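One chain, subunit A, links the two complexes that follow: it is found with subunit B in the first and with subunit C in the second.
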Partner chain A sequence: MSDRARLLLELADDELILGWRNSEWTGIAPFLEEDVAFSSIAQNEIGHARALYELAARELGTDADALAFDRTLEEYRSAPLVELRRLEWARTIARHWLYETADAVRLEALKASDDPEIAGLAAKMDREETYHRIHAEMWLDRLLAAPEGRTRLEEGLRELWPYALGVLDDELRPVFVERVRARLPFELPEVEPVPRGRHEAELEELLGEMTMVRRSAPTGARW
Partner chain B sequence: MVTAAAVWEALAEIPDPEIPVISLVDLGVVKDVAVDGARVRIAFTPTFMGCPALERMQACMKEAVRDLGGEAQVDVVLDDSWSTDKITPAGREKLREAGFAPPAPRNAGKTTLVQLQAKAFRCPYCGSTETRLDNIFGPTPCRSVRYCESCRQPFEQFKTI
Partner chain C sequence: MIWEVFRQERKGQPFVHGGSFHAPDGAFADAYAREFYARRQESVALWIVPREAITAIEEFPDEFDLKYRRVDGYSIKERLREARERAGTASSDGAR
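Entry: the complex of A and B
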């Protein structure tokens, strides 16, 4: 597989898996606005995943659905950060903010890519991601503003920090770390990143659920 | 004989699947039409990438060309050439009439929370600018939800992208 296809799959897998995780708040978020927000963010992320898979599929001679649903657990390239299942609000916000901050660094680099398809798609995705970032920053400020929120957020960020460091490669990671440090009123520890390529136990369960319809109707489900 | 003008005319009759008051041409998603005999190539720029209406739009465009006696190929352009600035003035007016506040122009620079929270957004029902942001996200990817303090109506604001 080419470096280009591998990159596209990494991006697509991150967006697909995080989209699924975000959608787990549909119906049970702390209030209605956040039901709507996380559902909408999930829809955007899965839309990005589809476009990225389509680009990869053209190169790999397959189609987007096959890449999204028919690979084995080991073949997924998602970052462990997006695989974790943390249905606790402060941890959800911690992951949301860490991912969007890392993703912004990655999109800036991709927009400057000399591959016009990748640069164009990154620019299009970035238009929508702007709203995700505004939402994540708003929630970071909200949680930081009250003692309980701050305590819970800090716990969540400390727990997720090694995972967040694994989203970007060695070249882009320092920019991300610098932005996180500049934004937070407390220090995060120096730790080793949890790298891409190994998977959290939760991913297997998620893939089982995600591919259920596909497996039960291999020729395509009709509604 | 299919002509580009006839294709544009036919596409201008196709309603947006989610906001049917506005046509695909008003929405600005048809980037280019090229005709070669009966073969028609349509360059289509999607709006929001997770929008479920995108496939329906493509099917409708093919059908419209078939009705003209042609065969259409829809090329999906996945770059940032579509923005909400591509919505035509007529399209913006139709959105407003249907109760959707049209998007703010993009040239205002990078979108920020402070901007979204500003009162500058006008209520499509009563015209007041005494409005506030209720939710950055709304019922579809393209919309935010705002509330008008003057006529006490919630309304949907087309996001600027």
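Entry: the complex of A and C
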């Protein structure tokens, strides 16, 4: 597999798995308005995943559904950060903010890519991600503004920090670390990143659920 | 905090009340309004206003029944029909 296809699959898998995780809040988010907004963000992420899989599929001679649903656990390239199941709101916001901050660094690099298809798609995704970042930032401010929110957010950020460091490669990671440090009113520890390529136990369960319809109707489900 | 939303469907059209939602501050209200009233490009502009900023007026006394201030009871349709008859231009259904 080319470096290009591998890169596209990393991005696509991150967006698909995070979109799935975020959609687990649909119906049970802290309040109705947030339920709609967060579900919409989840849908956007899955839309980005589809566009990225389509680009990779053209190169690999397959289709987006096959890449999204038919690979084995080991073939997924997602970062462990997005695989974790953390159905607790402060941790969800901690992950959302860490991911969006890392993703912004990654998209900036991709927008400058020599590959016009990748640069174009990155620019298109970034126009939606802008609103995800606004959403993540407003929640960060909201949680930081009250003692309970700040405590819970800080716990979540500390827990997820090693995972967040694993989203980007060695080249882009320092920019991300610098932005996180500049934004937070407390320090995060110096830790080793949890690298991409190995998977959290929760991913297997998620893939089982995510591919259920696909496996039950191998010739294709139609609605 | 409750926010009221007024949305404009096309440039030049009046803003029409679209509904209301809860948001703790202006930043949240901005994000939610975009989601609820413009995500499908159904609005070209939104006004979002804290409900408490709206002055509601609901009582309009009319103790002396000043009918001459109102436009109801004055049938333009009837007047028009009569005028057309006088001019000899009335159509068969009487409505034109």
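Please note the rule applied: the second predicted complex is superposed on the first by the 223 of 223 C-alpha atoms of A that agree within 3 Å, B and C clash if a C-alpha of one lies under 4 Å from a C-alpha of the other, contacts with A are read in each partner's own complex, and residues count from 1 in each chain.
Going forward, contacts are C-beta pairs under 8 Å (C-beta built on N, C-alpha and C of every residue); 3 or more make two chains touch, one makes a residue touch a chain.
Everything numeric here is computed off the predicted structure, so don't read it as measured data.
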Superposition on subunit A - do subunit B and subunit C clash or fit: clash
Which superposed partner A:Leu157 touches (first subunit B, second subunit C, both, neither): neither
Touching partner for A:Ile134 - first (subunit B), second (subunit C), both, neither: both
Partner chain(s) touched by A:Ala37 [first = subunit B, second = subunit C, both, neither]: both
Which superposed partner A:Arg142 touches (first subunit B, second subunit C, both, neither): second
Partner chain(s) touched by A:Ala51 [first = subunit B, second = subunit C, both, neither]: first
Most subunit A residues touched (candidates subunit B, subunit C): B
Contacts of A:Met125 with subunit B and subunit C, given as first, second, both or neither: first
Subunit B versus subunit C as contact partner of A:Glu117, first or second or both or neither: first
Touching both subunit C and subunit B, counted on subunit A across the two superposed complexes: 33, 36-37, 40, 131, 134-135, 138
Residues of subunit B that touch subunit A when the two form their complex: 48-51, 78-80, 82-83, 110-113, 116, 134-141, 145, 159, 161
Complex contacts: residues of subunit C adjacent to subunit A: 21-25, 27-28, 30-32, 34-36, 39
Sites on subunit A touched by subunit B in the complex: 33, 36-37, 39-41, 43-48, 50-51, 55, 116-117, 119-121, 123-128, 130-131, 134-135, 137-138
In the complex, subunit A residues that touch subunit C: 31-33, 36-37, 40, 131, 134-135, 138, 141-142
